[in-house]
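Chains here go by letter, A, B, C and D, matching the order in which they are written, and residues are numbered from 1 within each.
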Amino acid sequence: MARSDEPSKANLADRFRATRGLTLDLARPLSDADATLQPHPDASPAKWHLAHTTWFFETFILRDHVPGYRLHDEKWPFLFNSYYEGEGERQARACRGMISRPSLAEIAGYRVAVEETLLAALDSLSDEVKALVELGIQHEQQHQELFLTDILWTLSENPLDPAYLDGPPIAAGDAPALGWTTFAGGKVAIGTDAGEPFSYDCERPRHDTLLAPYALADRLVTQGEWAAFMLDGGYSTPSLWLSDGWAWVREKGIEAPKYWRRDEDNAWTRFTLAGRRPIEPSRPVTHVSYYEADAYARWAGARLPTEAEWEAAYADADPDAGTQLDTAAAVMPTGGTSPFGDCWQWTQSAYLPYPGFTPEEGTVGEYNGKFMCGQFVLKGASCATPRGHSRVTYRNFFYPQQRWQFTGVRLARNA
Amino acid sequence: MARSDEPSKANLADRFRATRGLTLDLARPLSDADATLQPHPDASPAKWHLAHTTWFFETFILRDHVPGYRLHDEKWPFLFNSYYEGEGERQARACRGMISRPSLAEIAGYRVAVEETLLAALDSLSDEVKALVELGIQHEQQHQELFLTDILWTLSENPLDPAYLDGPPIAAGDAPALGWTTFAGGKVAIGTDAGEPFSYDCERPRHDTLLAPYALADRLVTQGEWAAFMLDGGYSTPSLWLSDGWAWVREKGIEAPKYWRRDEDNAWTRFTLAGRRPIEPSRPVTHVSYYEADAYARWAGARLPTEAEWEAAYADADPDAGTQLDTAAAVMPTGGTSPFGDCWQWTQSAYLPYPGFTPEEGTVGEYNGKFMCGQFVLKGASCATPRGHSRVTYRNFFYPQQRWQFTGVRLARNA
Amino acid sequence: MARSDEPSKANLADRFRATRGLTLDLARPLSDADATLQPHPDASPAKWHLAHTTWFFETFILRDHVPGYRLHDEKWPFLFNSYYEGEGERQARACRGMISRPSLAEIAGYRVAVEETLLAALDSLSDEVKALVELGIQHEQQHQELFLTDILWTLSENPLDPAYLDGPPIAAGDAPALGWTTFAGGKVAIGTDAGEPFSYDCERPRHDTLLAPYALADRLVTQGEWAAFMLDGGYSTPSLWLSDGWAWVREKGIEAPKYWRRDEDNAWTRFTLAGRRPIEPSRPVTHVSYYEADAYARWAGARLPTEAEWEAAYADADPDAGTQLDTAAAVMPTGGTSPFGDCWQWTQSAYLPYPGFTPEEGTVGEYNGKFMCGQFVLKGASCATPRGHSRVTYRNFFYPQQRWQFTGVRLARNA
Amino acid sequence: MARSDEPSKANLADRFRATRGLTLDLARPLSDADATLQPHPDASPAKWHLAHTTWFFETFILRDHVPGYRLHDEKWPFLFNSYYEGEGERQARACRGMISRPSLAEIAGYRVAVEETLLAALDSLSDEVKALVELGIQHEQQHQELFLTDILWTLSENPLDPAYLDGPPIAAGDAPALGWTTFAGGKVAIGTDAGEPFSYDCERPRHDTLLAPYALADRLVTQGEWAAFMLDGGYSTPSLWLSDGWAWVREKGIEAPKYWRRDEDNAWTRFTLAGRRPIEPSRPVTHVSYYEADAYARWAGARLPTEAEWEAAYADADPDAGTQLDTAAAVMPTGGTSPFGDCWQWTQSAYLPYPGFTPEEGTVGEYNGKFMCGQFVLKGASCATPRGHSRVTYRNFFYPQQRWQFTGVRLARNA
């Protein structure tokens, strides 16, 4: 379906400004110290996200395409390159949390300097370079989501349970009963081709695939349902688990979703961007791994959808609907009827190349293809996804044990 | 294609005897000490394979279906269960190499006792239980292959380079130039359905899938070609590698296939079941990981085939052709035109359930489904696969870093 | 020898104020982010030192001995207890670096509040409790040294080489030739007894021991001498090393003192509190482990002194002389003739109880005795030791692989 | 005291034959597979002990001092050197357990060949080289003890609880009440000088030391007393433990001596060379670490002796008395009044050089000095020490967490 508010080249500058502004807004509740910490090698400091997204524009646009541009600081690219081998040596990922200097204020200054130079040059850039600006905006939107999930992890490591911001009121009651929607399957087309609207190389090309008839649940699995799974011994029944998943549960002592903790009275609570909260039974469960999602589905007599099933089912849904990120807030899932928003939904499809996949040329081509191994595709969008960033062909991907994103479960079954 | 020599129920006893006999033959070149060692948690002692395959028949047939049967030794199931959670606690996989007792001779006695009891009861078993005998034969054939790859690993850890048996003469010269065979693709059926001939649950059900036109190389990548890849900096060029693969290369210091070693003059040699041998340029390279296979294909301007491409291309090939295991020998790849034999061929397809997959009921259902995560499918058969065991629908699977099997590369490309 | 300026009970308040003031001065060059980071589980964040020394006074004096005192924050003891099992659960040592909140400013407020309450109550405290105040002052002085060595480690992890403060001019030239001072040995008394001046329990009781004649070098080993050791293959000659030391060198790839790094021209430089500096050949080498100190001594045809040799030799030296900490500065060794100052000197004596050792009663008794295993004694004082803190009976101790303190080498030999 | 049966040069050949014979006797109960396994990098395969002790004679006597000698196998020194850096590269210690070939029989042949050559040459050897033969005998005696403790560990890893040999009858009843013997201390001489009888370099030179009055328990701590310590929460009371010890208990989940296991009824039993046995309350506890010994002593209101206290107290005791190794048997402690035998006794003294210590010249000088770091001295002898090997000046040493030797506790206190 056509997105409700389609971006166009005309407003590239506006969207650049808006995206950059939202990122800075996300940082306002944080101190320099908050923004410096890294809770785990998988996550990054808030300050690093602010600088890395800026480095992307500085490197691939200003340095490469704006004559006479001089780097803001010659030593910073080493600090703020993420993983682009083509861009040379860089700070080890696991050591991003030791960079107390430059300060948050200095990085804000870096942001302003790069933004002003880029905006001044924007009209003079070729269409090809403008496409890189668009790529940079999409890239920064991805980091907005990571910013929130990473700071959630950071704050969760503090025994004082500090909140990022105040949260919404606590929801009472249960979710409506789970219903199923049936789809006929057959030959369906998924993926997309280059051109408007924006897409990543891994979503291409559009191609046909065959589906057997199937049904998808009409809402996400809730926290209340997850509590029932736990109560029924879900985490201690090996027959529910993949072999790797069971090994993970045993080795790590997993017994609940990430951020679920027992309080003084032994009741389960969860840590959120608004601090510690009770379980809200009607709201979607989040922060579960693929292993947990798969085990839950088996327990529920169902399975996870494939990527193609999900994409074919929701090809006409509005990707800008649902609970997604609009402004800096203690985002969390609320539940609803949109397939987009609340949380990313694990599929049983491995993240692999589509038939005919060709990586982007040059260093930016390192963006997707080299991660096509060992990860699973997630579809939809989460409460931390900037509204306007998602689309039905979007392929998010994580390793099966990762769960610091807002990841949840939509059930599927054969029809 | 119909297998050249189709098994039938009529000769179940014969095939049981033949399979059991070959396993024992494989053990003849080994001392009790050889057969006790475990080189790595991924591999198992030879003695353990002898006992575990026997435990399988004892447990699922004699214990469960032969009235009055008493266990050969009540304490042994703990030692020789592999991973069946439904069968209770067991020796940790990584500790299988500490079991010097029972001895090799005692385990040979266990084999004889179980075989005699089973053969005496065979006629009286129901068809359903006979199907379990068939499953046990297939299971033991898989372990024959592992027996050889595991003892190769074991012997390779000994600085004296001991040989399992004498090997074939060393081949001189180069392989014929690589040619390509083109396939039209379109809608093809892959997988199989329950019934004759034997299949594992993961190969089912037979289903249609769509393929774009493609081409496959008409022979495997050779040791000589691999040496050219190495000489061209293949192991030190990050842009050739998947991100996980590059991390693996760096962390483990990988610079050649497993078992390739430099000799005193710094020339590459390889350790084989016949001891240390020179590189044989015309023969297929083996003992490469998925990461290496994928990097090689990228270097060669090609890609790995998908599982469906491979299966559709060779649906009519004879699965009993090529270099496969016939008798105890220092097996190694020789090269040839059959798509079967020499080595298992990595595909770019993750090992995941087919549409409509249903695991086998009961404990034997733990056999395949629970491993559907993080592994890649390999097709074909290797020089260590017992002839008669393979078929075009067979789905072998390993993790992308594993390479102690006879694993190699057949290139593919879009047509 | 009587200390040049002996403290007395009369000036307890003054010394309390001075010590607390110096700690805060040490923090002034740091941002909140600098003060939050933890570079390694062995070290602690600067902010943590500020809070932990305050927690010590709050817990053992205000809470236990000032009627009606209410904790500044009930949740903070969990964060700022170091290792006192008797004081209950606490933040894991390796996780001290995830506490961005409370902020540096909030901890400064905590310091003021505890100081004011303690000073107001000081006159009313019993002599026994005043002794705890004295213990707290000594404890805080120890943490002043750790503050500096830990922030050095923290800043060293930043590729930008940030300086804590400006340093002294770079010294040119070489040190004077090494001379030896001979001592007769015989029966000597070491250690001390309870009472004035202050001592830790591990320094007691004073007792006799026998020494053979020996000689000590009249100055510390210099950076120039260490460079010669390196040039002579010191780090690659196994016969120079203890077995554990050689394993450490191999496993960690050690090839120079901690903080020594090659610059762009491959020349050795060193990271200091004043940022990156050249090697200064005349100045003492620091940041060497026991393993390195022992290997160097063997290379030099000498040995390390025993604790008793060192203590007997310098019983009459002024412990307040030499390069020690007076005010917040980028401290570093300068060299000189005092046995105190510049760097702690490794002895070949294990840190073990003296004959008749009795641990302090109560929770503060966890201070020393429980560490008497696997560590070596260091004597003297370093450039980061607050002047006034050291004494000849002082027993500093670290594990043989640790080297983030200002640790160096004074040679010894039999006479 | 003069040893009851003093060895002399006259019977060097006899003692060589006897020692070599006992080693081979120790191997008789083992299969080739038993003798090949290595349970942990700290321990070695039985076969390796047989070969390594032979390599010692072959290398340092036959190769270096017998003209025209040719190595039994040129590749074997790589396998059977232990840690002598001066003798070149060698099999990594942790990988000794992968050497199934040469077989036990081949190594027995190696033993015979070296023995015959050495005995034929013995009369012609210089006194200096004869001293190396004596060193080789002492060295082999040490390995006899390790042979037994290592095979105990190996067999303990087998869930079937296999016995090495049958054991003595199970002892009933309790030990006599613990008594104390008081010693005046003062100036005592410990250690020894070079010459007859044999000593290691680390025992030299004889030197004076000062002792305060002290008392030693008149028997070892028993299994019954240890059970009381466990019942009283000994393993869960942090104030009883050294800091490193408590970390070890927590990390490893230690709750009893090594080889103590609960049976099906949850009662404690222990694995021995005679298989699984009940706790025998009257007999000495063994297989405790330094950490445990130290914690037990603190719980008992006592302490561990120092090395000098132990040596001074028992200078006149017969080192050949008590329960020691005479012939191949399932040795275990029985208790008695001799300070020698049953088990090695932990002292609170670190293993460090005596004043004036000079390492042996040449490669054999790597024997002791390079281990003087991080280990504690044990005195006495154990049930696995070959009778005739021990002496009062003997310094055995292990790391504080190691406990696969027959290590136990004799209490001490100030008098």
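The definition used in the following text is that contacts are C-beta pairs under 8 Å (C-beta built on N, C-alpha and C of every residue); 3 or more make two chains touch, one makes a residue touch a chain.
Since we're looking at a predicted model, the values are computed, not measured.
The chain with its CA mean position farthest from that of chain D is A.
A separation of 59 Å divides the Cα centre of chain B from that of chain C.
Between chain A and chain C the centroid-to-centroid distance comes to 46 Å (mean Cα coordinates, whole Å).
Centre-to-centre, using mean CA coordinates, chain A is 38 Å away from chain B. Pairwise chain contacts in this structure: A-B, A-C, B-D, C-D. Only residues 83, 85-86, 187, 207-212, 238-239, 241-246, 290-291, 294, 306, 348-350, 352-353, 355-356, 366, 370-374, 400, 414 of chain A touch chain B when the two sit together in their complex.
Contact residues of chain D toward chain B in the complex are 31-37, 39, 75, 78-79, 91, 95, 97-104, 154, 157-160, 162.
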